[in-house]
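So, here come the structures, one by one.
First subunit A sits with subunit B, and in the next complex the same chain sits with subunit C.
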Partner chain A sequence: MNAPTDGAAGTAPALVIADVSKSFGDQTRRVPALGKVSLTVARGEFVSLIGPSGCGKSTLINIVAGLIDGYEGRVTVSGAPLDGPHPSIGMVFQDDSTFPWLSTLQNVEFGMRMAGVNATERRERAMEMLDLIGLRSFADRYPAQLSGGMRQRVALARALAMRPEILLMDEPFAALDEQTRMVLGEELLRLQEELQQTVVFVTHNLGEAVQLSDRVVAMTARPASIKAILEVDLPRPRDSSIVSSDRYGELVAHLWSLLREEAITAFNQRDAAQAGAVR
Partner chain B sequence: MTTTTSAPPVSAGPGPAKVRAWPRTVGVSLTRIGIIVLAAALVELAVELRWATPLQVAPPSIVLPALWDGLTTGNYLSLLGTTLAEVGVAFLCAATVGTTLGYLLWRRPLFGRAYEPLLYALASSPIVLLYPVSLVMFGRTPVAVAVLGFVAGLFPVLISTYQAFRRLDDTYIKVAKVLRLTPGQSFLRVLLPAALPSVLVGLRLGLTLTMLTVIAMEYLANVGGVGAELSLAYLRLRSADMYAVLLLIISLSVTFLFLLNLTTRLVVKR
Partner chain C sequence: MTTVVRIRVLSVLAVALLWELLALSGAGADDFFPHLWTLAAAFGDVLTSDFAGDVGVTLFQLFWGASIGIVVGLVLGLLLATRPLVREIVEPLLVYLSTVPKIVLYPVFLLFLSVGTESKIAMAAFGAFFPVVLHTLGAVSDVRPVWLNAARLLHTSGGQRMRHVYIPAMAPTMFAGVRLGIATSIIGTVMAESKAADEGVGYRVIFYYSQYQIPQMYVVLLLVFVFSVLVAVGLDRLGRVLRLGGGHRTDREISL
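And then the complex of A and B:
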């Protein structure tokens, strides 16, 4: 299904993160943001990263997106080492990233247009995406005329239209209200069944992580390393009714037991940092 | 209220009750024109009743024919052309140089931070008072006027462009990177359109300042188009001509702003 890479890449895992660590700042004041992290994501797998705020989740996902360099360790995509933004990696951001000067359709077409996909194919693929996310009737609207949830869907469609092997999502629903968020979560589940997309998903929401993922990676307080990986053995296909099952409750509870201590540590870190700033 | 003819008119006077609601814009325009006409009538009346002498205030009945004469047989059109050319050239240069420098300032944050306060100071200073410098350098020519107009318009354009790029959403830049845009694509397709609305605000301000400075310098140095004519009319106590030229100047700036609003609306369709 995915065009550019084939051959040996077909057997390699979609994403391998090996001993990746990253510090910010200069010699005088180094802030370690990411400890040593190693993680392998299989093709078609939905993996969530969850951890206390400020622990380094965005740093990790931005490294994979090719947006941050100067890190230690290795990242390989379909067996090839990562070097800057990768053609088969797409990303959806927390903040609204739709372009207000383009219509919904033009937004979805944008990446393809820049990549030189011809007009007919571009239109076809964009329309397909709009159908997929249920926004076909909004094709000619501008982002200002859409709700926050719709704009996030447009951003998702723009990324998916590029047919990425790996989709990175950094808290894509964080700026939305609870109900919109649940609706979009459900939508993502449905999409996942349809596309078998490889996804790395960052969230703060325990329930969301369990509901959507095949595996949930629980991270420690900064500098983030992997505390534990939770296999989500809920059956697929899933829909939102899964949240009323006993197993779902157990998994969320277990995840919280893993994260509680880290959340407290992160909380104290912030307190200490603030006290330091005051002094 | 109903529109069918069979229904008895409710508390309507004799004849068919035709209280059609006008589109709001028509009402606004009518009111606007009405106020202007009323003001003109008051001026006329004031002169008629000798509240003001015709030298102080020329009544519309004299000004309008003077304006007509100036436009048809006089030199108003060529004066207007001179001023338009000065403003046009000055503004085009201010727009091009200002946006380019503003962008470069953003790309070189060190320079940006170093020059920002200075630029603000320059933008809010009365550039028109530098007109002797321009005269000395370029002589009593329309070029001298255009140069000063350019300088006056430059700073607001430069500052607003710099600010527009600085305030760009970081997420857009990330999107451009993840979609692997070339530097050219990323500038033309993402950075520029994202910054455009704020840049346009600066262009408006720049045009206003260029226009003010051009006309003021024409007046002060008695060189160039309509401003120079205004000063002549004033010095020779030709009150009708003076008011006629004032009308000309006002309609000039109104036209410019109208055109600018129109372009803004065409470009920023969001």
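And then the complex of A and C:
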């Protein structure tokens, strides 16, 4: 009945998450990390996940990445069920993931080299990516010679060089200082206007979420489920000046009103856990 | 840089001077501290004897012994590294064994192998094996999980991750193990030659000693020392060229 045809594959949403839940631990001590989550991400859409610390955002994004199994529910990518890391999914991590034994250029080329892309094309695509993130002049430097923000840009270029249909980003700027993260946020916004990449983006930062996203998914305290989905009706193309618009302020305030209660719940959960640990 | 070189040259000169002072003071019995000029003459003696033959024998044994020990250590280490269960059983055994002085195994090698080359190669191999295998096992903790996840999301196979993530991530610590392994196998070879052998540099030391040719003995010891230093410096350079300077894991006990 639903044999995939070219047309059907073309119209299938980039990502469908259907009733996905996950617990860690065994029967004796089960820690539910993720409640039932259902979410559909369209092609070219930028979706942010935001929620209190420890609620299960990384768990969800790692399931989509194919790094966690043993979950309930279904995930399909372009209509096909997920089984391990999907060839059309790329990811940028919170921690620095650049390979310190490779130069900037070699890092960006890594995935293509593993895939057997020939040297000339590889070099060309990698240089294109370095231009995109403004690191061409650092092509021969090693990660140890780059700042934290530059390394995250290298990790982004390395993921984008594989031309993923879906890019997952788990708090890619969280380890960076405030100013660097603002600069990178602006850069990501610019890239997004240019590439129209499908992105699932985890963040703690309300402003960042609103500025970048088409939709912001507000999550509850652990086990995370979807509390509300905020449509960001700010016009595109956007640039960083958007943060001074009234609508931006309203959306951030609205998002906080959705998350405030959950943040308090999460805070109390942590207090309770600590009290338990002391006892 | 030049300051470092100057300090090194000065310290060598200082040691030589101290030595000569001891020689002049007449400390110890007759020949305990030969004069520098006596040593220089002995140097000529040693070179005109068939010392080159002994050096050849020692280098041969050292080369094969260290190579075998290093290769077996690296391969076994990498195999165990990626198999946590087997590793948990084998690693403590290796740690305990590594603290046993290898020289107590020497009679066993003599028994099963021969008084000749094979027993020395075995000593050298054992000397190299333990530091290499233990460093390789320890190097697994240098592999940050986020590198493996990143590599998986760049769609690599397990074999590719071994070759392009595990090995380069572990290389600095493994290289530190190799350096240490080579040092211990030099000691192992020379020590074995000095116990039971009729050729090799270690034998030559004992030969001069038993002939009471003390200056000649010192000359050979000095040459062994210089050789060890040159090997260490060479490996240092190699490490820098290969960008393997990061490994400074010296927390593992070694003994001979």
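As a working rule, the second predicted complex is superposed on the first by the 272 of 279 C-alpha atoms of A that agree within 3 Å, B and C clash if a C-alpha of one lies under 4 Å from a C-alpha of the other, contacts with A are read in each partner's own complex, and residues count from 1 in each chain.
In the analysis below, a contact is a pair of C-beta atoms (placed from the backbone, for glycine too) under 8 Å apart; a residue touches a chain by one contact, two chains touch by 3 or more.
Since the model is a prediction, treat every value here as computed from it, not as a measurement.
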Original post:
Based on the superposition on subunit A, does the combination of subunit B and subunit C result in a clash or a fit?
Top reply: clash
Original post:
Between subunit B (first) and subunit C (second), which, if any, makes contact with A:Phe99: first, second, both or neither?
Top reply: both
Original post:
Now for A:Gly90: first (subunit B), second (subunit C), both, or neither, which partner does it touch?
Top reply: both
**OP:** Tell me which partner A:Met114 touches in the superposition: subunit B (first), subunit C (second), both or neither.
**Re:** both
Original post:
Which holds for A:Leu259: it touches subunit B only (first), subunit C only (second), both, or neither?
Top reply: neither
Subject >> Intersection of subunit A interface sets (partners subunit B, subunit C) >> reply: 65-67, 85, 87, 89-91, 93, 95-97, 99, 101, 110-111, 114-115, 162
Original post:
Mind pulling up the subunit B residues that touch subunit A in the complex?
Top reply: 169, 171-172, 174-175, 177-181, 185, 189-190, 193-194, 196, 268-270
Subject >> In the complex with subunit B, residue positions of subunit A that touch it >> reply: 65-67, 85, 87, 89-91, 93, 95-97, 99-101, 110-111, 114-115, 142-144, 162
Original post:
Can you name the residues of subunit C that touch subunit A in the complex?
Top reply: 144, 146-147, 149-156, 160, 164-165, 168-169, 171, 243
Subject >> Residues on subunit A engaged by subunit C in the complex (per definition of touch) >> reply: 65-67, 85, 87, 89-91, 93, 95-97, 99, 101-102, 110-111, 114-115, 155, 158-159, 162
